[in-house]
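Chains here go by letter, A, B and C, matching the order in which they are written, and residues are numbered from 1 within each.
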Amino acid sequence: MINKAGIEQYLYASFGPELKFGRWLIVSKAFTDKLVGDIGALLLDDQVAIVGIGYSGFSPATPSQSYKELIFDAASRAYAECSVNPRKDVGSFVCCEEDLWEGTSITDEYAPDQLGAAQRTLCTLSQDGLNGVATAYMHIKSGVASIAVVESHSKLSNVLSQSQVREFALEPYYERPILSDGIPVAAMQMRRFMHDYKVAEEDIAQVVSKNKKNGLFNQRSSYAADVSVEQAMRSPFVWNPLRRIQVAPPADGCVVAVLASAEKARSMTEQPVWIKGIGWNSASTSAESAVSSEALYAKEAAKMAYKIAGVDSPGSYFDFAEVDDTYAFKELQHAEALGIADMGVSKGNTQADAPVPINMSGGSLSLGDLVEAMGLVRLLEAVQRLRNAERKRSKGLKRALVQSWRGIPSSSGAVAVLGVE
Amino acid sequence: MRKVAVIGAGMTKFRHRMLETGRELSFEASRAALDSARMDIKNVDSVVLGSAPDAFDGLHMKGEYLLDGAGGSGKPYTRVYVGGGTGVFIPAAAWWHVASGVSDVVLAVGEEKMSPLQPHPQYAFWSIFDQFLERPLGVTLLWIFSLEMRRYMSVYGIKEEDIALVAVKNKGNAMDHPSAQLPMRITVDDVMKSEPICTPVKRLDVSPTSDGAAALVLASEDVARKYTDDPVWITGVGWNVDTTFWTNRDLCYPEYVEKAAMMAYKMAGISNPRKEIDFAEVYDPFDYKELHHMEGLQLAKRGEAPKMTREGITQRDGDLPINPSGGLLGVGNPIAAAGVMKVAELFWQLRGEAGRRQVKKPVHRGLAQAWGDLMQVGTVVIMER
Amino acid sequence: MGRSHAGRNRGDYGEVMGMENPSEPQGTALTPDEWRGKEIFFRNFHTKFTYSWDTGVAIGHFLEALKAGKIVGRSCSGCNRVLVPPRMFCELCFRPTDDWIDVLDTGVVNTFSISYVNNDASRREQPLFVAVINIDGASPGMGFLHLLGEVDAEQIHVGMKVRAKWKPAHERTGAITDISYFKPSEEL
């Protein structure tokens, strides 16, 4: 099969990594990379697009539906958007879930039926939904599938022991005897971040106020509110310096995304959203190393995604960003790692009129914590915004940045670069 | 898609209970695999890890905890998960990292530390069942295996003695495996007289619970040729998951294994597996499972795998050696690690490096397969040299 | 190291003659005495997780019917099946199912096992009889897991006809255990 990788291999084998013309002109590897990319694009369009996305739930509780029924609902909507029959057309299904959030060991057993994936190529990742997108992207690029489906969901309302589950994620020998929840790790991380980057309480309250207010314009937000900076600063501490209002509250919901190769995508939808780049990364896990002021996982994941997408200066490339804000300070920390905000002007950069507005959807602070589905929630918001802008023919919203983080105590996250051009 | 090679493999001992933590076991296996590929962790672009239920280790988000030991820190790292099928699925996942052009070198690690859970690792399996329909009945994993074994025997008229031959063969083969937990010279009579657990399943029909880890290094063609003159190629991968409603299916035949195998056979250009596969590492957590899976893989006609076993065809010196490693019954069953061990065995056998375990006939193409979930998942890897 | 077959299928593999992989596998096995006798360090951790799972429409109605002493399924007009246990969507057709169907509380043993262990692997004093029961009135081969009672081990066989033994109405809670077990429905 011919694909971009094959063409690259051929070109590099023919010319070597550095092109030399005569004695004087030496062309850099960056130029070769670009040449390879351009020739590759001419010869064959091997991009991957999001062609359908569906959701259900987005509520603090969803008592009338089982998780299976919730997923069936979201999947049906995603498939309807791009006229896909999962029983025939889909080459790969990827589910992202963790046993303890389900209350079921080997929880992948319960994944296939509600997606139409019985006796089909389905697999599960113990990762965030955006990692699932990366996996589906690789399935399409490697020729396993030309259409792939990614699913992730949250039924946190059914987990009465959320704090114990978070405790169970801590290192068992020397962390768990001291900490009984993951939240204090977030609080310590926040302290260190505020200290190193000279971030004030007001800056974080600003994020809370912005996201809670943005959420008022989003039908999916359960926790939106007209909160002022002053009100945000009066919220009680959960673990000092972390305040209750700075923590995304739990919510139920499901998101299902349909991805397709360029060839398929154009016939499936008039509005394909292209995955221009994708990256993921994990830094070290233990709580003490998680207490770092820099979100290395986001930085490295972005580096990988930007390289694939050819993004040189993210601050001017992107029109908007959907960034993880499980804890309000994380939005600032992630924006810094992604290179879309200068910490010195962090306040300004997260406003709607900023060069790269962040979380115009309302973020997790408005939409809620949907555990492993968080990355797909960010993706959903970005895709909807790109499509709406296109429908309204409003210029200026063509490139989006999506980022996710797996939560305490992980240092794992993913980044996707989306575009409608 | 790009060609993908395996250039290194390593594993720890498999034992009922080990001193090392899951992180440490992952490290030992990863280190051994990198050493055998003559590589350093800095050569690795991304890492894929697999491990079965979090309940064993007593850890939520176990993949995050294990990543340091598996060499994943600072790298693109993914934990994949398809129950018992995970082990053979890990190299399949590493394969698509390379085949897609995203990575050139991938470390694939399988880890399982089952011993921490008290009073017994089996207890974790209670929570794999449906919370409304099955858990209230006090169900155990052993029930569904014994129900499936009975169905298989009843539909095809198979005797327990025929099935016991598999345990005798695999535990015997494991006598030559340096990592083996339960190498044994036993007879059919020993299996038949062993303590009944869930009839028709008896003590010696079952693989043990284990701690252990195993790892592989996968590389793109250009990198592989730089590091070795003798790469072994992954030419087919396949996976498939059947409906959750296992009580709505006829358990006598694993359709999902057939579908997974067909995906891999198509990729590898194989039309007659019985002729074109030289040897196989077939998933054998229970002895009847080896037979059941041989049939699903089209290596035997339905109901005829016991006959092939009886005739010695599946012995190391037979025409179609099955589980020359000793399998899960002999080497042990640290779930995800056991599947990787099977793929490592393909690597060693194909390179002629299996020592006393080397099969008699010349081998050029091997198959590894694992199974998982509620009689539901099939995963297949085909390798060639 | 014992005799080696290495290089058998390739004469030019001389340099690995005698190689046996995995070579010197790492790992330190613990003996039962070492860990029972606490000769090495352990950290014990006890936890309890509480969940309150939404039954949803399909299983919610199934449990409600059990409380009323009935077994119900769902029909799918796409594949013309009656699905037991019921679901709101058909996994084969990927469409919503159509109607509630009362099925019978009788069935046939599809397969069975006699369990001598509990789910923590401890031995049982009395063995437990478990079976997959194909329910009459559902499509062929459709059924669920349950227990068998009022029968001797030697009498149980694949194909045995059985009937649900219900708990008294006042003891039923809307759970799978509202059926105590299935028992033979014919003279054995």
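Please note the rule applied: a contact is a pair of C-beta atoms (placed from the backbone, for glycine too) under 8 Å apart; a residue touches a chain by one contact, two chains touch by 3 or more.
Since this is a predicted model, take the numbers as computed values, not measurements.
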item: Number of hops, subunit A to subunit C, where each hop joins two touching chains; value: 1
item: Chain occupying the most central position, where position means C-alpha average; value: B
item: Gap in Å, rounded to a whole number, between the CA centres of subunit C and subunit A; value: 36
item: Separation of mean Cα positions, subunit C and subunit B [Å, integer]; value: 22
item: Whole-Å gap separating subunit A and subunit B, where each centre is the average of the chain's CA atoms; value: 32
item: Contacts with 2+ other chains: residues of subunit C; value: 45, 51, 53, 55, 59, 91
item: Two or more partner chains touched - positions in subunit B; value: 58, 125, 131, 243-245
item: Numbers and ranges of subunit A residues touching at least 2 other chains; value: 100, 103, 112-113, 118, 165, 168, 172-173
item: Subunit B to subunit A touching residues, read off their complex; value: 1-2, 21, 52-55, 58-65, 67-68, 72-83, 89, 93, 95-97, 99-102, 124-125, 127-128, 130-131, 222, 238-245, 255-256, 259, 263, 372-374, 376-377
item: In the complex with subunit C, residue positions of subunit B that touch it; value: 9-20, 25, 28, 32, 36, 58, 119-123, 125-126, 131-134, 136-140, 142-143, 146-148, 150-151, 154, 176, 178-179, 195-201, 211-212, 243-245, 247-251, 344, 348, 351-363
item: Subunit A to subunit B touching residues, read off their complex; value: 1, 3-6, 8-9, 98-100, 103-106, 108-113, 117-127, 131, 134-135, 137-144, 165-166, 168-169, 171-173, 279-286, 296, 300-301, 304, 406, 409-412
item: Contact set on subunit A toward subunit C in their complex; value: 62-69, 72, 79, 85-87, 100, 103, 112-114, 116, 118, 155, 157-161, 164-165, 167-168, 172-173, 176-177
item: Of all residues in subunit C, those that touch subunit A in their complex; value: 43, 45, 47-60, 87-89, 91-94
